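Chains here go by letter, A, B, C and D, matching the order in which they are written, and residues are numbered from 1 within each.
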Amino acid sequence: MTFRKIPVAILGATGAVGQRFVHLLAHHPWFEIAALAASERSAGKPYAEACKWVIPGDPAPELQAQIVRDLTPDVPATLVFSALPANVAREVEADFAAAGYAVCSNASAYRYDPDVPLVIPELNADHLVLIGRQRRERGWSGFIVASPNCTTTGIAMTLKPLDAAFGVRKVVATTLQAISGAGYPGVASLDILGNVVPFIPGEEEKIQKETCQLLGSIAAGVRQDAEIVISAHANRVPVLDGHTICLSVGFEQVPAVAEAVAVLHAYQGPPDVQGLPSAPQHPVVVRSEPDRPQPRRDRDILDGMAVSVGRVRSCPLLTLRMVTVVHNTLRGAAGGAILNAELLVARGFVTA
Amino acid sequence: MTFRKIPVAILGATGAVGQRFVHLLAHHPWFEIAALAASERSAGKPYAEACKWVIPGDPAPELQAQIVRDLTPDVPATLVFSALPANVAREVEADFAAAGYAVCSNASAYRYDPDVPLVIPELNADHLVLIGRQRRERGWSGFIVASPNCTTTGIAMTLKPLDAAFGVRKVVATTLQAISGAGYPGVASLDILGNVVPFIPGEEEKIQKETCQLLGSIAAGVRQDAEIVISAHANRVPVLDGHTICLSVGFEQVPAVAEAVAVLHAYQGPPDVQGLPSAPQHPVVVRSEPDRPQPRRDRDILDGMAVSVGRVRSCPLLTLRMVTVVHNTLRGAAGGAILNAELLVARGFVTA
Amino acid sequence: MTFRKIPVAILGATGAVGQRFVHLLAHHPWFEIAALAASERSAGKPYAEACKWVIPGDPAPELQAQIVRDLTPDVPATLVFSALPANVAREVEADFAAAGYAVCSNASAYRYDPDVPLVIPELNADHLVLIGRQRRERGWSGFIVASPNCTTTGIAMTLKPLDAAFGVRKVVATTLQAISGAGYPGVASLDILGNVVPFIPGEEEKIQKETCQLLGSIAAGVRQDAEIVISAHANRVPVLDGHTICLSVGFEQVPAVAEAVAVLHAYQGPPDVQGLPSAPQHPVVVRSEPDRPQPRRDRDILDGMAVSVGRVRSCPLLTLRMVTVVHNTLRGAAGGAILNAELLVARGFVTA
Amino acid sequence: MTFRKIPVAILGATGAVGQRFVHLLAHHPWFEIAALAASERSAGKPYAEACKWVIPGDPAPELQAQIVRDLTPDVPATLVFSALPANVAREVEADFAAAGYAVCSNASAYRYDPDVPLVIPELNADHLVLIGRQRRERGWSGFIVASPNCTTTGIAMTLKPLDAAFGVRKVVATTLQAISGAGYPGVASLDILGNVVPFIPGEEEKIQKETCQLLGSIAAGVRQDAEIVISAHANRVPVLDGHTICLSVGFEQVPAVAEAVAVLHAYQGPPDVQGLPSAPQHPVVVRSEPDRPQPRRDRDILDGMAVSVGRVRSCPLLTLRMVTVVHNTLRGAAGGAILNAELLVARGFVTA
């Protein structure tokens, strides 16, 4: 039996997240890169020339010579990954969806639309039912599925198992975010070297909003956001990759620390998600050392697709405190979107 | 009229905080360094040889040749500053206090004893009344006054004005602490370069305990700790100096953001504290930029003796969120202890 | 007797070096800031709004409200400091010189013109005689005096004393340069955090060329460049301020290490330079510790106006090896240009 | 046919380099870890408890429970890797060699003995002939083979191809070395964060001496060191892994830049070395970008076993300048020693 890989395109292929897509898809078992697309400035140039490669290693040799296309929706692909900036994404992603493409977007442009599923496969694969309504109401032959903000990904993956078991009601989330979350050139070294910047525009609002969406449920085809009160404090720190999040969590039913740890450790997504090529063996890895997780030492665990949780302990104010590390450009960006695409294939939304 | 400076000694003069004392006291208007003392390992050597100087600049030339004394309580001084490690401090500080010295300690050894004032002059100068009881009950001719933990200093200086005006009830404090807080050699570069370590032994407990002490009141000669529920998350980040603290605060009476800002800005300690040589013009400097305070850019404000507070905004869970930066080795260590010593002179507990 | 300060303007006042000028001139004994000028984008706005302040502290309150002017040569000043980028400087500095202003430039635009003195006062104050020829030939009522490249400043200040005593013939200079040398936003944090970038455009050529100019002599009103063969390797490292330079130096007459150290230590510029307000007590500070100078610990010595030299030792290939640290935005930029301006006043080229 | 892996032991298994050995040997095709040994302090404890793991990931689960042995030469292995500190290595390595073990040492203890081969397989595999003399003269049934200093590895791998083609005569080597080269805890963060330390004890001497050894030849069973004059400047920089070295090189026969690049690119070790499991496809990877190699982006090329060379350009003083990056704990330490062990197997010095 011959297996034909699904041709995919990367929109915004020259940026920092676009490069992560290129890197992760180079040897993907189901997908093959059929097109690299970017803004006018890059279009028409060989990829190696259009792109200042900022992640380790080099792009695969066969991609270096590939000519970057513009963002017109006529790429030789079935599915497109969007690493576009939000302002560009709004129009371009709609064009691709209207033209029949399945769009797996890492941008925030459509995240908050009620008919666009915002998905982390292990958490809320069932939100994909929104696709039907999306296509119907918008008259698109394709559709958009969104991945959440990188920090929110870490928070939601930590809270979901606990919410399912004990009911999460209140959260204080203080983040220590890596510079790669701001893209390239992104954060000026004069701003962050030996420093902390206690502000990331829009981040706290995204955390507060998207966490409730991801932990929400679908009733009668409509998404009901979870009713969790979240207070977020977002900080940039001089770390290359890996966001660290300190959480104080209040529960409806108060678990012992050991119960919470057990629930985190045991968590698994639906069976068909567990078998996806990019799904980690465990979505949540629990560390028992007193000083872990740490971004530099734990971000790459299970290929950067699991979150690491540690220091689970009681909280004098709410119920429990804990620390989470998530790889912001792998699970929190390109890797998360690819896992979404795999889910779309597994559930028949995309076919070769 | 001739003014005679008060001779002081520095215990633990060769360590990182000891060096800050040496630096700050080199040109002090009231105090002059009469003795440098340290452990057996350093005693008997010239200071420049005993001490690996790790802060900018050099020790004053006249001090470089001074022979380091051991920790016997027979120094030619009236007042001693202790930068000793906690385990050594318990015995040595008692010896000095028993021998008649006024001890301004930066160590945690006596901080939690009910008869030892834990003081930030602008906040709780009235706690000095505990000295009488301390001398009486212990039979010491001298006494010990303690300075709080560096991070707690930043938190308490931020909360005190707000507590006085609106009543602080609940606090979540997440810290991003500089490496200098761990002394020298302290944090290994392999642990912290491009990384976050989400654990500092004992720190969260100190924050939770000392904040309530500092904001407590004296009734009938006994300290009543404030009843504030505090949940602390302590992190080490790759910053040289300056601790950053993200605060969510719940109040008894809910202030508007502008009211809280006005209260922080207007705060002043007692009149006699305002005139002390090391007292900053304002204990709290409020920043209005969206991305301040930052440790590298704000730690040195008003000679590192003020805290900088910014991003005062509402909190979805408690009442207000804000960010504080405190210079951990100046206001949070040596500078704070020197200000305490000045207060002791101003209030007649120490005389030339 | 009343002393009237000389009114000065800063061209390019909103950039990183411009901010250093603003900071250093805030309390200058001879100069007062009469105008802040910058490109069209900033002109017309209050300085605090036009400028993202990136150095520690804040601009003086009275300057924050000052309206930024454009770069037209009609400022109410006698002398102007230029912190303009090279491409803008070529035209604007000429306009100001033609209009009668004394221009102390930190830009490279005119550095290599044979009639423009490139000056470090302690080294080659006599090069100012070129001003006469410059005005004559160009028909300018004002003139331009240039400051050298920041790294070259450190190299030339180290080599000059040795050249005067022993004759420098060959140099290998490998630099480890701070990020502030690239201005703001300058170096992306994704490029430099935990990394080295072994390339700085144009830097090696500047070092090779300007060092020979600075150590050159004036004969019959013409500058004769020194004949020193210099091989430079320029690197960017994750250091905030302070360039470190490793030097292998070959001499005509071979000195012992102690002789070289003595010559470096004893070096002084001409007597009238020694008395200038911004002149350091010693242009060269020699460190004897085995691991100094270091940029973070030594850059601020003597207000950042001296270079620190250490590890003077023999070289297996040439004669001696040594390490120099220079504060790149103080002595190597704004401070150096202000010292040049003071020299112009002291020698009568500029009068109040 | 069944293939039996060769049992190996790691001496000094708990240190930073020891951990690299553990990591690299976990899935080695020829070797299996039969014993972990370390000093008295660690002996008798499970590895996970004895060892503070400082490199990314975790030790393999089956090793975590393994009990650490002491350094007595009775391990169930044929070959031992030594990651011992130099002072301990002198005695312990001799004990193991005398007891019949093949010792692949990363320590400097025996590097300079004339009968101990100091080997980089692609460069001087022929130096292994010294083993015969070593066993004979010392009466050992086993033997020691040494790996060079990490920085020297990068320099020698860059110079060897050029030396073979054009004759290297003079070298100035300025290094920018990663913190991991100093082991754990190693460099204090207070010393290196945002700083450069221009001194590494003993490093410059090692570079100067070992480079000549590695590029030396064997004549009549005796090693003749190469006659290259080397001037080294060693610096520590805030980089995690990967040493950067700036080289000025003088040749006997002057090559064009393109010729030198071609020679570097084409270089290969002996055929039997090319086939070793840990041998990189190319020992030297030449980068053509103007700003490469960089330690963070290039250290991991070809599994960290190749050096990356770039910026090959003419030198005003000698012949050519260039920049090399070598992964100091992979090719420059554990990986290099393992490649030596593979060579010993391939050439019959060690058999299963």
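Throughout what follows, a contact is a pair of C-beta atoms (placed from the backbone, for glycine too) under 8 Å apart; a residue touches a chain by one contact, two chains touch by 3 or more.
This is a predicted model, so every value here is computed, not measured.
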Of A-C and A-D, pair with higher C-beta contact tally: A-C
Longest centre-to-centre distance from subunit A, chain (CA-based): C
Rounded Å distance, subunit C centre to subunit D centre (Cα mean): 43
Where subunit A and subunit D are represented by their mean Cα positions, the distance between them in whole Å: 40
Distance between the centres, which are taken as Cα means, of subunit C and subunit A, whole angstrom: 48
Overlap residues in subunit C, where contacts from two or more other chains coincide: 193-194, 238, 240, 296-297
Residues on subunit C engaged by subunit A in the complex (per definition of touch): 16, 54, 179-180, 184-194, 238, 240
Subunit C-facing residues of subunit D, complex: 170-172, 174, 176, 194-199, 201, 208, 229-231, 233, 235, 237-240, 244, 246, 248, 290-297, 310-311, 315-318, 321, 323
Residue ranges of subunit C touching subunit B (in the complex, touch as defined): 56-57, 193-194, 240, 296-297, 300-301
